[in-house]
Every structure is written in C-alpha cells, then in structure tokens.
Amino acid sequence: MANLNLVQAINQGLRQALADDDRVLVFGEDVAADGGVFRATEGLHAEFGEERVFDTPLAESGIVGLAVGLAAYGLRPVAEIQFLGFCYAAIDQIFTHAARIRARSRSRYSCPLVIRTPYGGGVKAPELHEESSEALFCHMPGLKVVVPSTPINAKGLLLAAIQDPDPVIYLEPTRLYRLLKEEVPEEPYITPLGKARIARTGDQLTILAWGSMTERVCKVAASYPAEVVDLQTLSPFDRETVLASVRKTGRVLIVHEAAKTGGFGAELAATIAEEAIMALKAPIMRVTGYDVVLPLPLLEDFNLPSEKRIKTAIEELLRY
Amino acid sequence: MANLNLVQAINQGLRQALADDDRVLVFGEDVAADGGVFRATEGLHAEFGEERVFDTPLAESGIVGLAVGLAAYGLRPVAEIQFLGFCYAAIDQIFTHAARIRARSRSRYSCPLVIRTPYGGGVKAPELHEESSEALFCHMPGLKVVVPSTPINAKGLLLAAIQDPDPVIYLEPTRLYRLLKEEVPEEPYITPLGKARIARTGDQLTILAWGSMTERVCKVAASYPAEVVDLQTLSPFDRETVLASVRKTGRVLIVHEAAKTGGFGAELAATIAEEAIMALKAPIMRVTGYDVVLPLPLLEDFNLPSEKRIKTAIEELLRY
Amino acid sequence: MPRKTIAHFEIERLGILDALGEVDAELLPPLNDTQLLRLYELLQLTRLVDERALNLQREGRLGTYPSSLGQEAAQVGSGFALTARDWVFPSFREIGVFLCLGYPISSYYRYWMGDERGMLAPPGMNIFPINIAVGTHLLHAAGVAMGARYRREPLVAVVYLGDGGTSKGDFHEALNMAGIYRLPMVAICQNNHWAISVPRSRQTVAETLAQKAIAFGIRGVQVDGNDVLAVYQATHEALERARNGDGPTFIECLTYRMADHTTADDARRYRDEAELEPWRQRDPLLRMRRFLEKKGLWNKSGQVRQEEALNQQLDLAVADAEAMEPPEVEEMFRNTCHQLNTRQLEQLEECRDGKP
Amino acid sequence: MPRKTIAHFEIERLGILDALGEVDAELLPPLNDTQLLRLYELLQLTRLVDERALNLQREGRLGTYPSSLGQEAAQVGSGFALTARDWVFPSFREIGVFLCLGYPISSYYRYWMGDERGMLAPPGMNIFPINIAVGTHLLHAAGVAMGARYRREPLVAVVYLGDGGTSKGDFHEALNMAGIYRLPMVAICQNNHWAISVPRSRQTVAETLAQKAIAFGIRGVQVDGNDVLAVYQATHEALERARNGDGPTFIECLTYRMADHTTADDARRYRDEAELEPWRQRDPLLRMRRFLEKKGLWNKSGQVRQEEALNQQLDLAVADAEAMEPPEVEEMFRNTCHQLNTRQLEQLEECRDGKP
C-alpha cells in the first residue's frame, strides 16, 4: 500500500502486467529511455529490456497496426499514443482492423490490445494535446473505451484492460496525473470493465461523469443531495447502474469536457430518454465543452466545464 | 427539367459547379477517365480537362490533405473518397486540419472543401463499402455534414456545400443512387445547409431520419399519422424544425443505419430530452443498426432497420 | 567537403523463364520434376478457380469478384515458396496464394458469396482474412513478424499488395518499421500496372516500385512477375534472408491485370485493349507449359486430363459452397466481441425473431 | 534477361563553409557583403529570440517552448532563399524562418504564450500557422503548390519538417503526389538527430534521409545543415528548379538539436551530453562569424553593437507581446466557422457572462 498519484498507479500497473505475463509488451514514442513524456513508463525499459519495452518511430498508424499484428499473434501489446490528438492518424487501424479482426476472421484471430493515451484539458498544453474525443471510439462496435478517474481505479482498470480479450482504448486524464494521490493496494487487482462507480450517493439528482470531470463534479456535488456516477467504462457503459440511479433521483445532469454536440453525453441522455423517461422530473441537462475548435491555454478555462457552470445546472435541476 | 436519379443529379451538380466557378476542382481515385466507380463524375474529365478533374494515387489522407491546401489557397476542391469506409484513413486530415485551419490561423485561412463519399448499406457490397459513420464527423466543430435523400436535394445540397466557406462532408446514400428518379430542375439551385425538410406531415408522431432511411421511413409512415423530418444536414442540424415537430406530436422515433450506441440519433434524442421533454408523451425510441461489426451481404438485411422494425416502433409509440 | 556523392543504390531485376519457355540454366531453382509439375498444376488451378468464380458471378451465384487472370505466376510462384509455419497477409486478389496453402476452394467462394465464414482459416493455416482496405495490412505482418521473433519462432510474415497499395501511408510506416526492427517479413507487390482505372505511371513517378525499399534502408528487388520460377526464386531468397535474421525484402512482381478490376468494373472505359496483346504473349501458364513440354514432362493429353480433374474438383467446391446453410444472425453478434453487453443481447433477441 | 541491374541512384551532400570558416570558393553563392552580413544578423537574431523565449518560459511568462538552438543555419539559410511570393509551411521549431520573412517577434511569442492570435500572419505574408501534428502538413504544401500551378503563379510551397516527420504516412503520400504532379514544392528536413528521445538511427535505418526521395522519383539532396551558405545554395537551387517546372526537391539538412526537445523535456534522461561536444565545434554562428572576420567584414565591436541592437528589439517585442490584452471568448467561437449556429450562439452567450 503506497500513496500514489494517477500516473504512478499506471506505472505500477504496467510494471506488474509486464512482470506477471510475458505476453505483455509496452511500446510507443519515447516510452523507453525517456519513460514516457509523462513518465508513465518510467523505469520499465531498464527493468524489462528492449524486447518488452521499446520506442517506435514517429508513426501513430504504424504503432497501432503493429499492435494489431502482435495481438493477433497472441501477445498482449500495450501501445502508447503520446496524446489523444495524435490518435486521429491511427483511427483507420483502430476502426478498420483492431475492432474488426475478430469479426473478419470469425474469431480465428482476436485483438487483445490496449491503447493508452493521455487525454483531456486543463493542463495549458499546446494544440492537439488536450483533445477529448472519447465519443468517437464509443461508436465503433468491437472496441472498449475506459477512462480512469482515481489512482485506484486507474490501476485496476488498466490491469483489466490488459487482460481483456478485445481491444481497449484506455484514456488517461492528463489533468489528474498528479492532481490527487491516494493509497493504492500494492498487489495487482482488477477493476471490472463495464461497471460504473458510485462516487457519491444522493437521492435528488444523478450526475454522470468520467475522467477528470468526476473530480470536479464531486467537489461541487458535495453541497447537494446529488449522486455522482463515475462511469469508468464508456463502452460498454453500465446502463443498469445509470438507469437505477436515474429512477431513484428523477433528475439527470451529464458533465463532460468534449464538445456538446455528438459527445458521449448524448448517448447517455438518449438511453435515459428511451428507457427511463417516465422516471424523469426534469429535462436531462448537459454541461460540456462548447462546440468550438479547442482553444489554446489562454482561453481553455472558458471552454472546460467550470465548477460554476456545474453548480448553476445542479441548482436549476433541483428547482424542478 | 430532366428525370434524374440521385447519382445523375450529383453529376449534373458537379458539372454546373465546374462550369460556373473556375475555382472548383474535382479529384479522387478513378474520377477521371473512369468517371467514378458509381459514375458520379462521368464525362467531367472529358469536358473540363485534366487540370480541373483528375485522378489521385491511392492515398485517402493525401487526397484530403491536398484538398486542404487547395482550399486554403483559395480554390474550391471537391474531393471524392471512393467509399466512406476509406475515410477513416483521412480523419486526421479532416479533424486536425480541414476543421481547424480557420481557427489555427485566426481566419486568415479557411477551408472551403467538399468531401463526397458514397455511404450506407443495402447494396450487397464487400467489406468497408457500406459504413455509416456519419456521427463521427458530427462531433468535430468546424465541419458540416450533409446527407441528401432525393435527386432534388442531392443537387441543391451539393451546390450549397461547394459554395459553403467551410469544410463539408457530403455523404451519398449508395442505396439511393439509382433507386428513385424525379424531375430535377435544370438550372443550378441551392438547398440551404442546416435546414431540415418535412418529407411528410403528421400530428401524432415525429420520425427523424436522413439519407437512405428517409425513403424507407416514408414508405412505412404513409399509413400512420406520422410526420417525417428529413434532416438533410446533420451538422449543424435543424434544431428548430426538429423541436417544433416534436412539440406538435409529442412522440419521437429516430431511425438510422449506423450502430445504435453513439449514433447521431443519440444527439437528437439528447437535444429533445433537454429542450422539449415536457412535450413528450412517450419514450424517445431509436430504430438503428445493431451494435455489431457490419456484416457482409448475406446478413446485412438483418442489421439494416427494416420496414418491419420501423412499423413495430411506430405502433408501439402510438399506443402511448 | 563540397559536392560529394555519399550513397549509391542499385535495383536488380530477376528473370529465369522467358515467354518462349527458355530458361537461364544458372538461375534455375533446384526444383525436381514433381515440384515443377505441381507448380504448373497450381497455375492451372488458379486460372480455373478464377474462371469459375467469374461464371458464378455472371449467373448471380457469387458477388462482386476480383479476377487474378494474368497474375497466376506472381501468386503461385511466391505461395509455393512458403512453409506451413509462415503467416500470410493477403490482399483481395490472391486466390493463387490461398490455393498454394491448400485453402478450401469452397470457403474462398463462400466469402465472395457474402459470407464471413469463408475467411475462417482451417486450423494450423496461418492466413489472415482477405484485406479490403488497401495497404493497411502490411503493419499486421510487421506485428506478427515482431511477435514471432520475440517467441523465437522461425516464421516469416508474408504480405501481398498491389501497385496501388504502395501509395498508402501505412505502406511507408510498415516497411520503415520492418527496417528498424529488422523484421522477418517479405512484402510482395503484384504490380499489375493498374489500380482500377489508375495506371501504374500515375501511381508514382518512381521508375520502379522496388526502389521504394531504398527509403526504408531495406532490400528491394524486381522480378518478372509472369515467370513463376523467378518469382519462386526471389521469394525463396527473401524468406531465407528473413529467417536468417537478415531482415525484410520488398519484391516487385511485374505483371498485368488481364481482366477488369472486378466484375463491377469495365476496363474498356479507361484502358486501350491493345495494351493487353504484348502481355498475352507473356502469359505465365503458356511459358511454363512450353518449358515442361521441352523437358518432356508434359503433353497435350496430360493437359486435357489435368483440366478435367481440376474441373471436377471445382464442381465439388462449388457444390459445397452452395450447400452451406445461411449464416445465423448470432454470427453477426458473437464475432463482434468475446462477450456481448446487455444492449447487444437485447438486440440479438430482437434480431432473431425479426426477419426483415 | 537473368539478374540485371535496371536502376542506379546516388545521393549527394553539399557543404560550402566549414567549421573553421573556410569556404569552397567554387561553390560560394553570389551573395554580396550586405547579404552576407544580413545572413549573420539573422542567425544572431534567431539565437537571441530563442534564448529570450527560454528565459520567459523559465519565469512563467511563456508556455512550453521548443528551442532552435544549433539549427539556426538550416532555418536562416533556407528562409533567406525564399521570395515574398512563396508559401511557407512551418513545423514548430522554425523561429529562424519566421524571422527571415519578417514575422513579428511579438506575435511569435504571443503564440507560445497560449494565444492563437500569434499565428495570424500579417497581410501578404504567406505562412501557415505552426503545425503541431508532425508530418501532416506536407500535404498542404502540395495542395498550395498545385493551386499555384493552376493559377500560373510562380510561387513555391516550402515545407519544414524534422527527422521524426519522415516516418509519418503523410510524408510518403505528400511527396509521392509532389512527384506525380511535378509540383513546385520543396520539403526541408532539419535532421537534428532526435525526435524527443528517439535518435535518428531509430527513426529509420536508411543511411540518409535524403534517399527517401528515391521512393517518390523526386530529387533528394543532403546538405551540411550548420552551413548557412550550403543550405542557402541548396534551397535556392531547389526553388529555381521548382519555379522552372522541374519538380519538387527533398532537402535533408544535417544538424543537431543542442537543447532539450522543449522546455518540458530533460534530454539528460536519454542522451549522452558528450554527443553535443563535436556539434559545438560545428556551431553555425561561429563559422559564419569566422568567415566574415576573415573577409574583414566583421569584428568584435560590431558584434557587441549588433547584440545590443537586437536585444533592444527583443525588449520591445516582449513588451508588445505582454501588453496585448487577453483574447475574448468570442475568438474561440468566431474562428470555428464562418457562421455560428443557434446552439453555438447560445453557448457564446453563456460563455460570455460565465467567467470560470
């Protein structure tokens, strides 16, 4: 049991996965000697050597395509894409191949790979370093999408992702990497995929969030009778837990960083409007990033859902 | 006024755009001598020559990246990607550049390009030839997404897209290419972007659809008091028309080919649940493709929303 | 140091068996008569399976289909050099390669009838499903090659692509990685001079495709793709090098697409029929037959008997393919992921009792 | 035809001014004294602007910043060869090029302070915004080059990339198109031997980066990237060829990244400090200064005066940059698309009166 921040928990998870299973390989740009630009892979190259932990050339499609082959061969590749913004170049390999090789080969081959990538805003980074396009990956059957929100679930979800027999996109909220520390169990453990976490219980309002917004939402929710459901896995999302909470509270607020239109919040709202509408006492509200091209640091705080915007929405909903 | 099918209407639109504006260039794989694998560009190379209408190498990212440069330079590139399934390789250029050059350059440069691509199922084509991933493009601010459903709006929307100062993804429902003919005005005309079309009026139920599903939905709806809203443009979608219809009928059915989870139907449902929930008499239902990797021809009819599934949903909704 | 030449490169072309059936004795690979006859039989089979597919398509019994007419030597010559250990990553026009591996013809037909089950490779046969997204699969070969090296398995990952495939970014990323990691990988490019309607000359202005290897610091060679012996030899050498840790090879097989791109295409729209004539003279089957006849290994009657035998084999394959019961909707769900979520299970239920 | 060599290729390296300030008289470009002094001034300015940026960053007055220390000659030598007509597509480490064009230093700083307005190019200056997505922008240069040819404008599209950028698929697709369409385009690669922590030797096993041009059938040359005269000459030749319709050139400038990758990086984690020593000997400013001194065009006092003058210029630039009022939230919306939709307008309203 050590007091770790989120990136340290990921590092520990990777180390344990490499130690426990010789099928696990870790690679990407700058993951070896440099230990990753955020140090998530620090020390792994030295400990496990060049065959298990290695740098790739600067080629995102190549990194994922290589992982697809390694996975189909029977290994457990854990590829790092340096930032989610650079995953766009790999979407063809992810959608066309990682997600489909099982179907195309009628399960003769599968694709147990994990793509780790830092995502989200709030860190005053350059262009393309703060994307939150998680929704794209949630619309491709065959893919899983996981977003940790604490050091503890970061480790458990990562180990679950690595053990999963299908491809998993593992999105690491950059803003949380060093924001919070907590006691993380030393031994390896699994946080099951597809299960949400009740971050806070409440009976008047359900707030749905994931990743870095969970932290912000919990801060604000503390002073309201609000239940905070931290989805943890977006695809497949924990429909049962979401609907149960909504049926209990009758009010729903969804918070995410990504642009509003077409964000994953839309799927949550649609599912509720389809399966629990009779339980609703109020409109389903969304507090999200705006429908704009992501701004550079000087304006980013105006785009990211602020505590103030969350507060306002909560109070509006509670008035119903 | 000639009786044209959808692909002929597109061909006419392209010809008129090329004739009216020397900034318009048409290019892609097999668009020149071959006239496009669906003949959408037939005759254009002969008429306008190699400088205006030309073939590219087999490189989708390259095609779009080239178009971004041409557009920033001040031309009006109309690029064809042979099938939507091959756009995944171009998503980096579309999201990172086409959608952002205006923002990155503070409007010093803009990106008035059109990407035309056949999309959707029902044509018994090989793998990746029947994708319907329109939702992906609707989650990128800066992009417009247009889907024609008849020969008449195909021509008008195409000409509007070509004149639009921002990048437009123009999705051509392959199933409709030759399915229906109608009298299409000879002279050039515009069907405004961002405006939906009431394909059929009704007062008990609103059905939201686009592209090839519009045709199927209208068939079924004919025997019910259902209003069919053909969105025509998905991004930005015509929120006002959608909400007005919903407020009138109080019941909503959304039909699309794409997988249910994370499809564009989710955004429509979420918007309604956020802005018109009090008008609803029933859950918002979605009839969509299933959450599966798209099947090959022998199973595709089981995945595409069938008349039967649409009928069943309509009747269920009308029971509320 | 003013202007100084700092690097030199050369590209070689290999040819062994010419159009008249004459061979360059020094280069003749050490194949015994049985093997030579088997090569010819595979060439024949490839052509017949292809011909039959075209007939089935015309009769509406098979979907859109890409013919391999004229490219038999490039496919059989390379496929014949493979060992059972090697992994194959086909494009979509390599029936000849499937046949070399002993892939069930009925399955191959079944796939083109629109049934994914046709790509379920028999146990122990390491072949990836047909790849439609041109050029994207070289990376998978690189991944398998790397995995094999990690597991100390002496296999080679062999990937097939066309001239059009060389224009894709993934081609570049894959072969660059193959070079960096010195992977046991061979990329075989069938340069059939066309990518649908786009001629080789418009795909790149590089004089040869083989020279693209220079960009990656790997070995590149060009071979007469209609010469089954040269293709075999070049592939064999490349496989040996790969197995010995000498790294990847990119092989350009010069051949020609004698048919339309697919049954959905009409090549007369964009190519001059006259272009085909010289290539008819270079027919890969004809020259091998002449060679065998000169060697006294083959004659008219043998030819007739073989064609009959192969056609009977084909009748059975077609019968099997068409006898197969249609796939269940479960197929569609169960092969999407290892475990269906609750929404998918509900969808499966609806789908089951919801015939369209 | 048995084994026959069918193609030959050579890669040349150009050097004019060596580390000691000696020049190869034959190759010396025809630049007058004023131009030579201007070149040196630009090298100086580049280094000082960069140094100042690093200081500002350390003081928290500027965000993460990529230093160009050691690469001044590759940037200034090429930038100096450009005409006002040409379009420039920078990567993210080309302050020297911006300075050659006369780009406002305050704007450049402003961008790195996190303000998009810093990339709003002055009217008439054809430079694209800094490109963060490595290697993706070569295609835009190709598009502009094609557009210019269509409009019969005698401009050249010049794009900058690093050694890492050569591994991206878009690099391949862009240069292949440049070859096919014979575009007026020049790609200048600053091979500074590192892509963050990945050394050039792990980026590709090609002996040179210049040889990658062979894959596209275009011209590729290598130059001493720390030799401002050689870079100028090579770029000038490439521009001339492009303008004359002789097609694109890929130029590899051999140089070295003397600083950390960015201010967020610590190169000591992955590279041996000793590696820098030989490159210090090859410093691009030092050798140009020696050359000018030998020519009697330069001396200590001139040096001192110039540094003072340039530093004053920098003080003003920093003052201007910091005096700029913060961007309005409108900025974020108005530059997303030419016309906001109703939802975006509502969002803008909320955003306006919703300071976080």
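Lettered A, B, C and D in written order, each chain numbered from 1.
As a working rule, a contact is a pair of C-beta atoms (placed from the backbone, for glycine too) under 8 Å apart; a residue touches a chain by one contact, two chains touch by 3 or more.
The structure presented is a predicted model; accordingly, all values stated were derived computationally and were not measured.
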Joint neighbours of subunit D and subunit B, given as chain labels: A, C
Inter-centroid spacing, subunit D versus subunit C (mean Cα positions, whole Å): 43
Intercentroid distance (Cα basis), subunit C paired with subunit A, Å: 40
Length of the line joining the C-alpha centres of subunit A and subunit D, rounded to whole Å: 36
Subunit D, residues touching no fewer than two other chains: 116, 133, 136, 167-170, 173, 176, 180, 202-204, 331, 335-336, 341, 343-344
Where subunit A touches two or more other chains, by residue: 56-57, 59, 61-62, 85, 89, 92, 96, 102-104, 127-128, 141-142, 236, 261, 290-293
Chain-level touch network, classified as line, ring, star, complete or other: complete
For the subunit D and subunit B complex, residues of the former touching the latter: 87, 116-117, 119-121, 128-129, 133, 136-148, 150-151, 157, 169-170, 173-174, 176-177, 180, 331, 334-338, 341-344
Touch list for subunit B against partner subunit D, complex: 25, 51, 56-57, 59, 61-62, 64-75, 77, 92-93, 96-97, 101-110, 141-142, 144, 165-166, 194, 236, 239-240
Residue ranges of subunit B in contact with subunit C within the complex: 29-30, 32-35, 37, 55-59, 61-62, 85-86, 89, 124-129, 260-261, 290-293, 295-299, 301-304, 306-309
Residues of subunit C touching subunit B in the complex: 63-64, 92, 111, 113-116, 130, 132-136, 164-165, 167-170, 195-198, 202-204, 264-265, 269-270, 326-327, 329, 331-333, 335-336, 341, 343-344, 347-348, 350-351, 354-356
Interface residues, subunit A side, partner subunit B - complex: 61, 85, 88-89, 91-92, 95-96, 99-100, 102-104, 127-128, 133, 135-136, 138-142, 235-236, 258-259, 261-275, 277-278, 280, 282-286, 290-293
